[in-house]
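Have a look at these structures, which come just after this line.
Below, chain A partners chain B and then partners chain C, in two separate complexes.
== the complex of A and B ==
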């Protein structure tokens, strides 16, 4: 009845509409970055790549990309390490504090980030911690590590725990079981978790804004320019940052497909 | 050899769950609960104080009530409620379409909808500003084609709502999708065979089974949109002030940490109440475990 052709078409066009709307801003940003005039006017009269030339020669932006990348990789490495153990506690082990742990872990995720950023700023100030990219790594961990734990937990819920027990019965040590069984079984979840962490950190603004001090990440640089005076370098940097994110996503997925293939053998 | 044995005995006598979760507990203690406790402490300090250990006072809270801060609270609450409701209306059919009508493409398409989440909010909002602004993409193309356009469509409340709905869409879609995977197809078919109407299936089967996902999505969107400020800043350009903007300016321009802290505490109480009531209805093991 409702599986009619009309219904199917309606659903598909709705899907297509939302999907294309999601990418409109990125397209506009790309368009604005190659238009010659200082202020964006559509239809674009003349195209020019000079804003990209300016961007590539800017030392400030160079530093920004480097800072953002460093922060993203530190956050991803640390949060995946914490999250592998966290996910075991979340999904595999039965223990007394489990449901408390499960709920507490969600609180930072369900929390306004601007407020968390300000609270951390106050906190660092009181202990005399100098605001820098290292402080930003810590701030982003508070938000990202729980999310990565949830992602790896989904994987941990899905695998068969009896394999671990069998290995233990056959005389494997705790460390051997962890290294040879648990980690490979969690593999796809670890890859997704790492990718999510890199991407969430890469795009994060509020936590970096309040904690990075003199170091400037790319989202912070964009914010500063958007407040202090628009230049077409804003869309140029923005679009480059989108490309880096897309690249990270592509690498993550080919890694995942690769690890999935290995599993199927 | 001997020492190794005794170490492993100690190791196994501790609860493995506690051991595995300890690093995260420490992180959240030092990076979340500690800072929040400090904010609460600051919120009862005298105006403009830069130390958390003065004589406690409620003057900041009294100031907030007297100085019409309820306006920005009201705006934030209203924006959060409206955008959460709109997101539900948009994302439920979207999730259904993804689940039932995208064939083998469901995962890829879901990823495509969610991927913009990884682009900084600033960039995407800037894109919409250039889209809706005077002589921007929309106005410019209409002018070019028909000789007249709507002019600037930013700097108003609907554009802020639009921005929030756009930014938070992935946060609603993902949980609703998870919730819908809890609805087995054969249950729907059985109900259909027994003569249930489409509406009854929706009301009595789909919605109750998908409820945990719907609740989580709504809660997540509600709470994060309570703390929104970029949308009001860039798309609204100051036409209204949200509570997060008030908190930020109390800390930065105002240099009044106790007031900023008191505002933050009120926001946290507001969000916390919503989380508390919704969380009692959700079993997390079920939502994540049955995928």
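== the complex of A and C ==
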């Protein structure tokens, strides 16, 4: 039955259906952003690039873009740093309460993010921390750092730990082992962890909404415009935002491909 | 005066919780010898080696390197080097990168590093063209050689081996055993090797230490250990052996219950025991021609299985409730499975271990 022509056709159509359900909305957003009319009507009658011109010249969007980018890179840098040492603590050392700590650390990942955002806002308030993009970095770290730690831990568990011991035995100091052996072998995990952190932070709305105060990230700007004052700049920014994500992915993949090439030289 | 030992262990213990993985070991390695520690899995060989290399600290006792206490000196400060069971090659480096790594840590200039790496590759029989190959593209045997070259590049005073050949097929293992032995002879370095394969131990070592439950059961040359084991454990561990439970009668004669026969013991035997085990190696057993007229330690039984071991053949012979292994050279006119045969042994070739 599984190799009948009908079955294969059905399977293919099912696949096509799923893929279009996933990607057609993105396409519609792209179309909406180049519609001349201020409100979205389908099919689009007249196209215009003016919303992109407006987008690029908008100071608000400019600021939002910079804020989002700064938050994403701060989150990625800090979470990767924490994750490398966290992963090594998990993979290379035994200590009391290790598995309990692991569970506690992962709980925030399963919280509804709006609840986590609210909780962090109340917490920051009670400490007198001013809501700003810095607070957002902290809030997103609570959620993203455990995920990145998981990703890098997989890498740390994935290679034979005796190579580090062997390097020590061959006369390497702790720092030399870390620089020459640990970091290169964790490399693929560090790259994926960094990418994940950037992408998760870039698209995150609820944590930023509660904690960024006067600073506005791109998802917050989109939300604000949807609530009051839709213009096709919303889909334009949305589409550009997807492009930024795709760019980050492309950079990540080429980094991986490059390091793979170096290995097979 | 004998030379000072290069490394000495004085009453070394290693506890994991309440479990003594290594128990009261006192041992000295001579400069330039090939010493092998053998023992079943879990006998504490690897734990002992890790303490010698500086990766673990003894719970009690002292480790001396040329007379100096080195208990607390970490691995990177000891002039010793280990070839790991997993080999622990650096997968992100080339063959050359791996071999040069110890020199790089030491700050040797690159040109000198390469020169030395090339020499070490030669010594471990790897073509120089491998220098630039990623180590991940090497085969199992080649990786073995890279690991050896890397350890040699370090130029250690003692080289430790943690069962490096256990994952390699038989033929290649035989070749590598000989090569490791050759390198030891050539470099005149002290090699301390651990393995659970007595064959490996016999081929390579000047001295063997047999480990059991964290302690040393016997130390001696391969010949001594094989021919004069101190107890049943060592005897059984060092090779196939026939064992017979015997009881000593009041007149000093040995009686074997299961065969219902008297047995002549070896001449040098202590007299203060009642129960014991008599052990005879299969190659010391002989098939006896019934016309020969000999009567001491001759029994008959049914030959029910034969194993060809290359130039030799091993018979399994059933006699009452016991099974005996008899080994001899293969030649024409030998008995076949199902034949009734007589077999026996020279009393002086048997070993008696009182219970």
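We adopt the following convention: the second predicted complex is superposed on the first by the 246 of 265 C-alpha atoms of A that agree within 3 Å, B and C clash if a C-alpha of one lies under 4 Å from a C-alpha of the other, contacts with A are read in each partner's own complex, and residues count from 1 in each chain.
By definition in this document, a contact is a pair of C-beta atoms (placed from the backbone, for glycine too) under 8 Å apart; a residue touches a chain by one contact, two chains touch by 3 or more.
Please read all numbers here as calculations on a predicted model, not as lab measurements.
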Chain B and chain C placed together on chain A: clash or fit? fit
Query raised in the report: In the superposed arrangement, does A:121 touch chain B (first), chain C (second), both or neither?
Result: first
With chain A at the apex, the angle to the CA centres of chain B and chain C, rounded to a multiple of 10 degrees, reads 90
Open item on the list: Tell me the contact category for A:160 with respect to chain B and chain C: first, second, both or neither.
Closed with: second
- Name the contact category of A:192: first (chain B only), second (chain C only), both, or neither. neither
Query = Counting only touches as set out at the top, which of chain B and chain C does A:25 meet: first, second, both, neither?
reply = first
| said: Tell me the contact category for A:136 with respect to chain B and chain C: first, second, both or neither. | reply: neither
Least Cα-Cα separation in the three-chain superposition, chain B to chain C, whole Å, stands at 10
Footprint intersection on chain A (chain B / chain C) at none
Residue positions on chain A within touch of chain B in the complex are 1-2, 8, 11-12, 14-15, 18-19, 21-29, 31-32, 40-43, 82-83, 85-86, 88-91, 93-98, 101-116, 118-123, 126, 138-139, 141-142, 145-146, 149-150, 153-154, 157-158, 174, 199-200, 202-205, 218-219, 222-223, 226, 234-235, 238-239, 241-242, 245-246, 248-249
The answer for chain B against chain A in the complex is residues 8, 11-12, 15-21, 23-25, 27-28, 31-32, 34-36, 38-39, 42, 52, 90, 93-94, 96-98, 100-102, 109, 112-113, 115-128, 130-131, 133, 135-137, 139-141, 144, 166, 169, 198, 219-220, 223-224, 226-230, 234, 244, 247-248, 251, 257, 260-261, 264, 267-268, 271, 275, 279, 284-285, 288-289, 291
Per the touch rule above, chain A residues touching chain C in the complex are 159-160, 162-163, 165-173, 176, 180-181, 184-185, 187, 263-265
Listed in rising order, the residues of chain C that touch chain A in the complex are 53-55, 74-76, 80-82, 84, 86, 88-92, 101-102, 104-106, 132, 134, 136, 150, 154
